[in-house]
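Multiple structures follow.
Look at the two complexes coming up: subunit A is in both, with subunit B in one and subunit C in the other.
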Partner chain A sequence: MLTVAQLPAGQLAARLAGAGLTLQTGAFVTRLQSTIPSVVRGVALMYADYPLGPDDGYADFHLRMVRPLNWRRWLRPQVQLLADGLAPFKPLPLAQAYPMFEWGLNWCISSRAHSYLMLHAAVVEKHGRAAILPAPPGSGKSTLCAALVHHGWRLLSDELTMVRLEDGLIAPMPRPISLKNGSIELMRAALPTALFSPPVHDTNKGTVAHLRAPADSIVRLDEAARPAWIVFPRYEAGAAVELQPVAKARAHLRTAENAFNYSVLAARGFDAMAALIEQSDCYDFRYSSLADGIATFERLAAPP
Partner chain B sequence: MTPLLIEALRTPAALAAFTPAQCDLVLRQAERAQLLPSLHARARDAGVLERLPAPARRQLEWARQQGERHLQAVRWEVRQIRMAMAGLGVPLILLKGGAYAMAGLAAAEGRIFSDIDILVPRAALADVESALMLHGWAGVGHDDYDQHYYRRWMHELPPMRHVWRETVIDVHHAILPSTAAAHPDAMLLRAAAEPLPGYPASGSLPAVYTLGPVDMILHSATHLLYESEFDHGLRNLVDIDRLLHEFSPLPGFWVRLTDRAAALQLQRPLFYALRHAARLLHTPVPAALLQGNDVARPGPVVLALMDALLDRALLPEHDSCDGPLSKLARQMLYLRGNWLRMPPWLLARHLFHKALLTPLQAARTRDV
Partner chain C sequence: MAISWRLCPGQQLRRRQWDGECVLYNDLSGDTHLIGADALELLLALHAGPADTDNLGRHLRSAGMAADDAEVATMLEDLERLALVEAVC
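Take a look at the complex of A and B:
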């Protein structure tokens, strides 16, 4: 299958400017249209290894990034995300165009894809077994996830854990990993060869940069993984590393708090969550260094 | 060219022959018209779900899940309303979406709506409002003018929102404002309301009712032609199509519908609704009703104008369906809806207040 990087020179920008670029992002096909240079560059850099979607005119999500026609166009240029022609969010400063695409696509998926139990959680896999990291912003989930996927774990997703309702397996949705503030420099230093998108300042999450998903995770788009662990990470400067088991009922409630569509799925959501918790070992994980984090996950995954 | 969504609503079996690109477009049109869950139900009933491309079937499945959850939420909400109205001695009559859902009608399948509408006698309004307030519903976002406007002229209380669940209830005492030209007698509607099986009066809990079948259709037609918000025009027309599909086999149905429209002064909205259901969705309607009598049928000029407006405004509000005049058509129907609901002097006063005084007062409040 053709990837974004394999498109002939100029084709990427031409498709984005014309009928749209169709990207195979996990189980979904996304059509994106934009002439905004930072979006074109961001997609070229972050999605180079992604296969293009089938060329049959079908897409699950239709996104357009445009510059709204208002007076701000001249003074403080803005960017507007259009989902099939409608704007679900207020415009943002133009500099935030690329992150806005990522947020917009997350929104498209999390507000609609109800054949999955969707968790706001990072998820990584080793030897066919997946570790889910549900956590509120600021817990260091993405940073830990970024470190793990560069130390032997496969990236399934940094933001959206997609549990298939039909078999309880986790469908991969590898996308660029969103890093914030201090963790951007930290990861740059830790991963000198990895590719980062240019940092965007003053977003409502602070400074944001994306880390390109490892090529291997994209090649293995179709390989679902069985959930094995749910780990609630908490970064605490100076804290000793600590892995504490969490009671199943408590883990169920805490994971449900991090679910996008637990209530939409009603009884099916409860059953899917119960099955997920049943087959997972659940832990609270406190850490202060990525090396500790990587070592702890290594021990988890080691065959008994 | 007929939009794909219209083709699919006329003949759901046609979906089986749609290409992936056509599926892409029909899903987007249905999403915009808030008909995605309904499209799932229609495709399922026509037995063509399995023949759709897998990704399109999956999108419809997502919508079905949302629709099902919505019905569950509606049933829960109606229970809450019924408990709030306990001991008032006022029957709980559900209107529109809430009624379709509780009665298990095909029109409810996949219909997502944001509020529950109920009908109570005007004399009971104050009691019902206090009871709802005691149970957590409160009027929100309305300034003094809005409050006055609703209570003086409208056929309903200002919408009330539940403080925790954020669900909205509209308490009606009639189906049109007292200022509208037509005066459908709400007492006639209440007298013909039909009890919902499984919800009899029990202890202090009121019995739950829906309007009778013909009244349900007449209310839906009135809503479509008077309420003037044409962003849901197609969805409302699909309601009428589904209700007719379900009720027209009842004995003497069409005669009862015509007689009732006359008794309630709703021949004109019924005429338009039937005409456009038949035109757009190919709903089977007897020729005599399509022809209409002198009261039901407007003059040829008005009819030509209304057809031109409705033909445009009833299509999905999607780029693929909008022509150069679509927006204008929706605006003109909006004005018409308001015109029919208020005499000119009141409309002028209302628009003046909304355009100038409300923003001014809002600005003053902000300064303080």
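Take a look at the complex of A and C:
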């Protein structure tokens, strides 16, 4: 299947400017239209390895990134995200156009994909078994996820864990990993050959940048994984590494707190969460160094 | 005279138990509750049919769960606040 990088020269920008570029990111196809240079460059850099969507024109999500035609365009240019023709968010400064695309796509998925139990959690896989990392912002979830997927784990997602309701397996949705503030330089130093999008400053989240997903994770877009561990990570400067079991009933409630649509799914959400917890060993994980994090996850995945 | 109790109509007691703790889905509110073994035993007893506080206390004690009448009454009030049980007039 043709990937973004295999498009002939000029075709990426032409598709984005025309009928749209269709991207296959796991179970979903996204159609994106934009002539904003930073979006074109961001997609070229971050989505080079992704297959294009089907030629029949079908897409789950239709996104347009446009510059609003208001007076601000002369003084403080802005970007507006349109999802299926509607504007779910206020415009942002133009410099934030690429991150806004990523945030907008997250919003489309998390607000609509109710054939999954969706968790606000990173998820990585090794030997067919997935480790889910539910955590609020600031816990170091994405940073730890970025380190793991460059040390032998497959990226399923750094933000949205998609549990299929029909069989409880986790559907991969590897996308660029969102990094914030200090973790950007930390990961640049730790992963000198990895590709990062240019940092964007002064967003609601501070400075943000995206790390390109590993190519081997994108190749395996169709391989679902069985959940095996739920690990609640907490970065704490100077803390000794600690992995403590969490009682399953409590893990059920804590994971539900990190779900996007647990309540929407009602009893089906309860059943899906209970099945997820049943087959997972649950832990609190405190760490202060990525080396400790990588080593701890290596021990988890080691055969008994 | 002891108050008689029943499960709130519509409650299915959809639940999962691990290591002595239970998560219970509330069909009326959509909430999930973390409850102990004694509260679950009360709910299961009421699932079989309405019962008064005295009988429920005896039931818990016969199931090996130490509970005096005051504790049973408090537990039932807590479950009533969650719309899991209701007093029968």
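By definition in this document, the second predicted complex is superposed on the first by the 304 of 304 C-alpha atoms of A that agree within 3 Å, B and C clash if a C-alpha of one lies under 4 Å from a C-alpha of the other, contacts with A are read in each partner's own complex, and residues count from 1 in each chain.
The criterion applied here is as follows: contacts are C-beta pairs under 8 Å (C-beta built on N, C-alpha and C of every residue); 3 or more make two chains touch, one makes a residue touch a chain.
Remember, it's a predicted structure, so these values are computed and weren't measured experimentally.
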| item | value |
| --- | --- |
| Combined model on subunit A where subunit B meets subunit C, clash or fit | fit |
| Partner chain in contact with A:Ala256 - subunit B first, subunit C second, else both or neither | second |
| Subunit B versus subunit C, judged by how many residues of subunit A each one touches | B |
| Partner chain(s) touched by A:Gly57 [first = subunit B, second = subunit C, both, neither] | first |
| Cα-centre angle that subunit B and subunit C span when viewed from subunit A, reported as a multiple of 10 degrees | 60 |
| Which superposed partner A:Ala266 touches (first subunit B, second subunit C, both, neither) | both |
| Which superposed partner A:Gly238 touches (first subunit B, second subunit C, both, neither) | neither |
| Subunit B versus subunit C as contact partner of A:Lys248, first or second or both or neither | second |
| Partner chain(s) touched by A:Pro8 [first = subunit B, second = subunit C, both, neither] | neither |
| Per-pair minimum CA distance [subunit C against subunit B, superposed on A] in Å | 7 |
| Subunit B and subunit C footprints on subunit A, overlapping residues | 263, 266 |
| Complex contacts: residues of subunit C adjacent to subunit A | 12, 14, 16-19, 21-23, 25, 27, 30, 32, 34 |
| Partner subunit C, residues of subunit A touching it in the complex | 247-250, 252-253, 256, 263, 266-267, 270-271, 274, 277-278 |
| Subunit B - residues contacting subunit A, complex | 19-24, 28, 31-32, 53, 55-56, 58-59, 61-62, 65-66, 68-69, 72, 318-319 |
| Residue ranges of subunit A touching subunit B (in the complex, touch as defined) | 29, 54, 56-60, 62, 84-86, 112-115, 263-266, 268 |
